[in-house]
Amino acid sequence: MPRKIGNFSEALLLSDVTVLLGQDLFPGAKRIQKMKISLWLVAAIIGLGANFAAASETVVVDRSMSEQEVLDAQQGWCKALLDIGNVHATKGHAAAKALAGEVIDGAYAYPMGVVLFKPTLTVNPQTFRATRDGALSYFVGGDSAFPNDDGFALKGWKKCEIENAAIFIAGDSATTMGKVHFTDKDGNKTSVDKTWVFVKDDLGTPRIATHHSSLEYQT
Amino acid sequence: MPRKIGNFSEALLLSDVTVLLGQDLFPGAKRIQKMKISLWLVAAIIGLGANFAAASETVVVDRSMSEQEVLDAQQGWCKALLDIGNVHATKGHAAAKALAGEVIDGAYAYPMGVVLFKPTLTVNPQTFRATRDGALSYFVGGDSAFPNDDGFALKGWKKCEIENAAIFIAGDSATTMGKVHFTDKDGNKTSVDKTWVFVKDDLGTPRIATHHSSLEYQT
Amino acid sequence: MPRKIGNFSEALLLSDVTVLLGQDLFPGAKRIQKMKISLWLVAAIIGLGANFAAASETVVVDRSMSEQEVLDAQQGWCKALLDIGNVHATKGHAAAKALAGEVIDGAYAYPMGVVLFKPTLTVNPQTFRATRDGALSYFVGGDSAFPNDDGFALKGWKKCEIENAAIFIAGDSATTMGKVHFTDKDGNKTSVDKTWVFVKDDLGTPRIATHHSSLEYQT
Amino acid sequence: MPRKIGNFSEALLLSDVTVLLGQDLFPGAKRIQKMKISLWLVAAIIGLGANFAAASETVVVDRSMSEQEVLDAQQGWCKALLDIGNVHATKGHAAAKALAGEVIDGAYAYPMGVVLFKPTLTVNPQTFRATRDGALSYFVGGDSAFPNDDGFALKGWKKCEIENAAIFIAGDSATTMGKVHFTDKDGNKTSVDKTWVFVKDDLGTPRIATHHSSLEYQT
């Protein structure tokens, strides 16, 4: 985006920088591209006698959600689910619970006030998990306030595969709908219908604001 | 919002007008408040000799989604579902299909490119209904391209009740999650877990951009 | 985005289609990319015995504003301004006014309820042009309701050059701030400081929702 | 929003709570309503024999920008400007600079990557102040990197009055355009044309993402 200013311009594209504002959100999966800041540094020499040299730059901040960011966030969710199970198997429940808490804090939008979360296997009167505690219990169980939870992440999942039917990118948020296929250690597969709404927080990190998961309808 | 301009102002709040840009979207349920435009007309007399009279106004256009608009859109969906069934009972399938088409065109966001729609009772490989045709077939059946559809709206529903667990208003869009309870003519009730994302179109009408419905998990 | 489903998948990326929903918004400058719809058609053969073949597709609708769409909309504005002047010179005022009306209808967001428009050369009590009539008068004059307007587009501009200082893409809207340099037929240049907010309408067309233009401050 | 579930419901609206997530953003002006969270607690007794009692609640999080929040943010800006000048007069430049820094950190959106800021009195080649340093220098001067700045907030302003021409609330952001009238200690008034775009951060605080200010055009 070097710009001509006058007849005798000389534009120099110095750099196209991606500023990394990253932090570890999903354990083990460093996700860094929070905010793409493209910097164009343009040195323009104006006028016949070069009597004026203006250094102008266009700063471009793009807070829209890219398709790749959506796909990365989905993969991050799958990886985190398997990680929690692996930590449970090797380090015990406390470690798994601690990791699940980190995952929820990094990947869900509870700090924005609420998450609309309908997990796959929950029942009345605790079907919906609008609070962090409810989400944590669903993933790792062990909370007497949610007596029916036995920990979805602790079921020994070995694979988590995402099959998107559709992605709607609204701007700084995006919705996905499709199948997620879980495979356990014996090779048994469970498929669910899943809707996620991802919203970007101030740092540009996609966070899950809505999560509706359901077993496939059986005729 | 009368404003003082100078020392001898006299402000007059003439009116607070809601401009109606309505149109019939849900048949039988006139919904008119698409866009709230508040107009303040202020006549300000400035200066001792009233040597200048400026008529200034602040035009306020608010495109955010109100909670009431969300609740109205939900009730509109319920009413439309019952209406389609009633029309089917009294006027036959063609009339019901025509009405269902109107409902979809008025209440869903297919014109925006896609709707992420997972109806309650669909099965592979036609679980998701990203197109208008797929939605229409789900509601009224009778489309050989969707052989498993028998018309959800034609099941004789007499009541449709919404029980929201949470509503997240993002700005010009909103997401709801909760139960919807359907009661048939024999008093049998079916409850589903339902997520809706409503987005406003250019006219300010809430449209369903995402719709995930699932039967309750049975332990 | 071909997806593996099971161990023996075979994915085939059939096409990546950009659907053109274009229409002529800026006269003479066909702008077509309103909405990028990427379609991936994936044929997945699952299982050793190919006992199940699912044809799945991911529909991706992206309503975010790209930097290129912003730059194109800016260039469209410049071109339209010169076009109105040229039409005025060759075909007279009525033709110029008709063209200016088309430009406003195609490029500004008046149908959304209001445009926050502060043109460069307007004065009290008609500084702001929140209505289409006010914008039209500013560009081509000749409206007795706006006696101070003599038609900014009719000043014989030969060049219109945009020098962005910064672009902030919020998602489905974007704001730009920078200089716009106008050159008349004698080579005289006028530079203004200009802020534009572009918002996407239902068809994905960027429209000017805010336009603040001001002469450079003279010390 | 008490909901009937079944025929013999008894709904009890327990409370409508506004959760305060406030913090001091504008010095001296506590602003607390960042996020409206309405809680409805509904106790519903269902069925003739009261065989099921479900305690359900609807959590409503509304992140849209209200007109009042916009007006408050504008008044906060005016108050902060006068405060900086008063602190300068009573406590000196260092204190004024410290306060100005707090104001910028609390009220502008620099943490989001950039602010599109065209102050009233800046000149080339430093017309635009996309960085926090540039904004700070404009308000209080004394930065050798911005030699033309003498501190707009230090000019002895005694009044700052806002006269909005139009407000466009897009959802979680809003744009205002109008006049701001400054009165100095001698009663001299300076009027500027001003455009602000406010965006909400994660905590729901409106922040200035765009700020274009210009002296009125002189014919």
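Should a chain be cited, it is by its letter among A, B, C and D, assigned in written order, with residues numbered from 1 in that chain.
One rule holds for everything that comes next: a contact is a pair of C-beta atoms (placed from the backbone, for glycine too) under 8 Å apart; a residue touches a chain by one contact, two chains touch by 3 or more.
Computed from a predicted model, the values in this text were never measured in an experiment.
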| item | value |
| --- | --- |
| Counterpart interface for B-C, drawn from B-D, A-C or A-D and sharing over half of its contact pairs | A-D |
| Superposing rotation of subunit A relative to subunit C, computed on C-alpha atoms, to nearest 5° | 180 |
| Mean-CA-position distance for subunit C and subunit A (Å) | 30 |
| CA centroid of subunit C to CA centroid of subunit D, Å | 28 |
| Contacts with two or more other chains, residues of subunit D listed in rising order | 56, 59, 61, 63, 113-114, 124, 130, 165-166, 168, 170, 173, 178 |
| Sites on subunit D touched by subunit A in the complex | 35, 37, 54-56, 59, 61, 63, 111-114, 124-125, 130, 201-202 |
| Partner subunit B, residues of subunit D touching it in the complex | 1, 3-5, 38, 56-65, 67, 71, 161-173, 178, 181 |
| Footprint of subunit D on subunit C - complex, ascending | 113-114, 116-118, 120-124, 127-128, 130, 148, 165-166, 168, 170, 173, 175-179, 193, 195, 197, 199, 209-210, 212, 214-217, 219 |
